[in-house]
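Once you've had a glance at the structure underneath, I'll fire off some questions.
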Amino acid sequence: MSSEEIFEPKIVAFVCNWCTYAGADLTGTSRLKYATNVKIVRFPCTGRIDFLLLLKSFAQGADGIIVSGCHPNDCHYTSGNFHARRRWIAFRSILDMMGVDVRRVQYSWVSAAEGSKWADLVNNTVADIRALGPYTDYQKVADYLEKEVQDGEA
Amino acid sequence: MKIGFYPGCSLTGSSREYNESVVAIAKVLDIELTEINDWNCCGATAAHSMNEELSMSLPARIMAMAEKQGLTEVVVPCAACYNRLKVTQHDLKDETKRKRVSEILQLPYDGSIEIINVLQMLEKYGAENIKAKVTQPFAHKVACYYGCLLVRPHSILQFDRVEDPQSMDELIKVVGGTTIDWAFKTECCGGGFSVSRTDLVAKLSGNILEDAADRGAEALIVACPMCQSNLDMRRGAINKVIERPSDIPVIYITQAIGLALGIDAEELGLKRHFVTVEL
Amino acid sequence: MSKIGVFICHCGENISATVDVERVAREIGGMEGVAHAIDYKYMCSDPGQTFIKEAVKKYDLDGVVVGACSPRMHEPTFRRACAEAGLNPYLCEMANLREHCSWVHEKGEETTEKAIDLVKMLVEKVKKNKPLESIKVPVTKRALVIGGGIAGIQASLDIANTGHKVILIERDPSIGGHMSQLSETFPTLDCSQCILTPRMVEVAQHPNIKLYTYAELESLEGFIGNFTAKIRLKAKSVNYSTCTGCGACIQKCPVKKIPSEFNAGLGTRTAIYVPFPQAVPNKPVIDRVNCNYYKRGACKICEKTCQVGSIEWDKEDEIISEEVGAVVLATGFDVKGTDFFPEYGYGKYKDVLTGLQFERLASASGPTFGEIRRPSDGAIPKKIVFIACAGSRDPAKGIPYCSKICCMYTAKHAMLYQHKVHDGESTVFYMDIRAGGKNYEEFVRRAIEEDTVNYVRGRVARVYEKNGKLIVKGVDTLLGGEQVEIEADMVVLATAGVANCGSEQLAQKLHVSYDPYHFFAEAHPKLKPVETNTAGIFLAGACQAPKDIPETVGMASGAAVKVAALFSNNELVREPIIAVVNRLAPPLYSTCVGCFMCETACPYNAIEHEEIKARDGSLIRTIARVNSGLCQGCGTCVAFCRSKSIDIQGYTNEQVYAEVMSLLND
Amino acid sequence: MEHKGKITDLQSHTGVEVMRCYQCGKCTAGCVLATDMNFPPSYVMRLLQTGTKENYIKILGSNSIWLCLNCENCLGRCPMEIDIPKMMDYLRTQAIKENILHPDSKPIISFHRSFLDSIKYTGRLYELGLIAEFKARTFRVTQDLTIAPAMFLKGKLHLLPEKIKDRMTMKRIFAKTIENVKTENK
């Protein structure tokens, strides 16, 4: 298989500043290698992550998304990651309902000490999304969001 | 209690008494043993020393036959066979190996069968239930010798403690015996070298016998035909190399339990030993 | 149209080796709204910062993006530089081109392209940044030190001596920790207690130190400069204000066979007890688990013997609350027992000891008054074997890391043994001798050359008992793997140093991160060894990783200075990363509908109800308001807000959307 | 001379990463036959780590790989969980393949071959046949002269082999595995 045939997915990672961002820093200081497909957007806490943002990302043509924060009980802000987890569970069914393959969202915990776990998470996600292929029907999500906004105004 | 049964070659030959005692106690404990149809040799040390695929294919056929017969759980008294079957089952979790073996066998194999050793079978049967059937307590001070193949590799067998295991000791206590705490429970007796390197077997088995004797054991209790034949049949060679020649008998756990259950020594094959058993 | 300056750092070669930095600068330079883009070898250096300052002025920049290392490293540096040039520091952002790019990818096209994307993201974000004013908060100039071992003692004394108040809490009935259990210390062989006890007394008497023994942290709320610590004072069952510490009760206590923690299980203690003679405070507590009265409701002999009536049977745990501005974690470490090694007897042999137990045997205050005697029969061992790396560097059964202190204390143990048992033979089985440190190597050489300790390079396969001897089956790998069998009278395992029990739960109470082995994680492995990721919480000693006394004391003093530095300000500047509820001109006032979902989400009770009243005082609407003092900026409320009325400064919806979109739209 | 290829093969067949070994010697310390081996287990590991052809050949030509009883004491205690027994199995097959055989291997190989031959045709071990063939292969005519008859008297030996029905499968198994390898070598 020649290089141009390999599908390079676009993956956005929403991570918290205290655990996963620091963990990803450790991956760097430990010089562990991983795929270039994933770009990190830094948040104070996964509790901050508004899952509509994930939809927007899909609508804009993201092929996959990583959400990662502190392990349960380790949240820098006590409970942000629990809120995030609860919201994720609800959100997953919405995704499902909308016909978005939930496997495109990788929800994980990476602590500040888990540099190698971050590298693995990225590589595995890239492999998984590659297997799933490019995300095509983002128009669906876009329409849904359109409707959301209208409802919001109404 | 119903259970599948794989005797293996030595139990039909050089270790007949092991087979006889297993069958005898099964009868008394009314455990119904269903022998695997047309079973073959597991390949033992010879196979895995010479060829990996062979060492996997032979046990694989045994288990395939058992599956075909609809067995879900099989007891394997011979520690060597037990070890080979368990290890093969583990190795065949690997897809490629499994494919290769099934194309060799041309038999369906799904590796679903639960392989257990005699000690596990008796544990399952239940200490209390055994106790209830004891007629003549096995009132002897013995050394339980487990050898290598029952406990190692622990990561795969997941049976008892890898050093200083206890399950056999527990069974002996159940039938009224006492066991000594000694140092050679899991040291190797020389295994497959019985014929090819009798000198090494004599040396290794010698160490084991000496420690058991020093600590005042009346008998060695085993659950492996190889250990038994090395320690029993090779006693002549052993006694030439150890300081204090020893006449400690080496009997199978099933024979010890058989005696406690009041089964006649003849029926338990106790007359077949080289070192006379007077217990 | 914004005017943004972009500065790409080579970081020596750390970035430029895998990322084509010139190309990054070139391409970004062409972006809409970018007024100036350059690359330079060391952006954080003085000339580098000067470039930024000058550019801010020259191009009248309204935003700066520095593509360099992790913002966790240099964000403050560059924001300060911008501020000095008159640009609001919060209009400066960093793109992480080192930890998240050049160090984790191979040299090549896609690595450079990722770098470009990362910078673009931040450029788009910065366009949406708003100037922010940092928040000032008061500092409570009182420190909480958790753990009364040498680390906690040193930190407490150093802080107290700067004139600040210290609250020191210790889980056990006495301070002193592991150091008080040690016999002599390497490499000087001076008596551990002789150098420690004066410090313990000093702590007890220091006017600035409030000592709570038999106490544990219940919870910690708040933030740097403003913590509230809830402390559980476990019921001692003895009134310390009246107790004279005469010890009569201890003499009379009928329960005498409790294994003594202080003697690592080798000696015994009573149910009402003082852990050791030099304890501070030197007053007893009742161990309710073992006390006859608490077990069966009868006995009370101690009460009868007590002249001053200090026994308080019905005393209950008490929870007190203390306001502190900083916390020092000094909870120390523990050693694995001998029981986890199948091949060394699962701990069933009485004469197979841990290093800590040997310390007690060798200690003048120990169960044998410093004579090396076998626990089994009290005989003096003529042959002794020390096994190094018992559990350390052992991924299979122990822990993969090196416990660091064992090489030295094992050499010391062998040396002490030779000094005490002149006709004795000692053998040390080792893998490597790690004696880095002042006079450490010399110390080990002395053990080998002068004290004739027999060092054998190889591990021990098994230890078993035979005729009252311990048979040690080892190997000498330097003789090509020659087996070595020793009939020993005693075996000492240098068991691994591990995190103290409960350290994981403590870390979670404090929201500090910890490593897979439950040691607390420092903020930076090199440059912030005593800080944690949580501002205002510092580390001292072996709770961070196994370390010896000199290192521990050094680290404790380091932590103390950090605290003192923090206390040198009356006010703290806090990042304005907090939530705000939007306000609009009447008649809208705000898009907030007052559902107060945010209130349910907030872990800090920072959401207040604001009543919007008309001139006549009539209530128009109640909306949410954020208390900037309490808000910690987690942003959970933002995700909860259905009407998008609450947002978090520095990470506004606008900003993060901009980032994501820039990433996907190309 | 570099010989890394062999090490990679070893790793892919056995999963053993020779570089994980940090030479603590615990395997050797507990090996029941270390003293009888040319090189004890930890030494074998070290030789492999050098990755040179000379040392690889040294190992194949040593008695160490043949004396290993696969008792797995080493594996049970190795802090790095290196599967030395599995590695020994592999090295044995390599030694046979490359036909670099230490004299000590002769009786052991003969025994294994006799053993396998005896089950190849019948499907089950025929002990009398095994002993006979072994004696023939090794010319140890006098060995166990007393034991065999005694076994017979105690009913521990059959005069005739037990045969299984499905001997076709047995034939196939041998043809597709061990004999397959033999032909490769020719």
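Residue numbering begins at 1 within each chain, and the chains themselves are lettered A, B, C and D in the order written.
Going forward, a residue touches a chain if its C-beta (ideal position, glycine included) is under 8 Å from a C-beta of that chain, and two chains touch if they have at least 3 such contacts.
The structure presented is a predicted model; accordingly, all values stated were derived computationally and were not measured.
Trainee: Looking only at C-beta pairs that count as contacts, which pair of chains has more of them, B-C or A-C?
Mentor: Most contacts of the two pairs: A-C.
Trainee: Roughly how many whole angstrom separate the Cα centroids of subunit A and subunit D?
Mentor: That gives a centre separation of 52 Å.
Trainee: CA centre of subunit A versus CA centre of subunit C: separation in Å?
Mentor: Measuring from centre to centre gives 30 Å for this pair.
Trainee: Note the residues in subunit C that touch 2 or more other chains, in rising order.
Mentor: 343, 462
Trainee: Which parts of subunit D, given as residue numbers and ranges, touch two or more other chains?
Mentor: Within subunit D, residues 73, 76, 81 contact more than one other chain.
Trainee: Would you pick out the residues of subunit B that each touch at least 2 other chains?
Mentor: Counting only residues that touch two or more other chains, subunit B contributes 162-163.
Trainee: Could you please write down every pair of chains that are in touch?
Mentor: A-C, B-C, B-D, C-D
Trainee: Along subunit C, where are the residues that touch subunit A in the complex?
Mentor: 70-72, 96, 98-100, 103-106, 110-111, 113-114, 117-118, 121, 507-508, 511, 513-516, 521, 525, 533-534, 577, 601, 603, 632-636, 638-640, 642-644, 648, 650-651, 653, 656-657, 659-661, 663-665
Trainee: Under the definition above, what is the set of subunit D residues touching subunit B in their complex?
Mentor: That would be residues 13, 32-33, 36, 67, 69-73, 75-76, 81, 83, 89-90, 92-93, 96, 107-113, 115-116, 119, 123-125, 127, 130-131, 134, 143-144, 146-147, 150-151, 154-158, 162, 164-166, 169-170, 172-174, 176-178, 181 of subunit D.
Trainee: Under the stated contact criterion, what part of subunit C meets subunit D in this complex?
Mentor: Result: residues 343, 389, 393-398, 431, 457-462, 473-477, 480-481, 483-484 of subunit C touch subunit D.
Trainee: Flag every residue of subunit C that touches subunit B in the complex, lowest number first.
Mentor: The touching residues are 342-343, 345-346, 462, 464-467, 471.
Trainee: If you look only at subunit B, which of its residues touch subunit C in the complex?
Mentor: Where subunit B meets subunit C, its residues are 161-164, 183, 211, 214.
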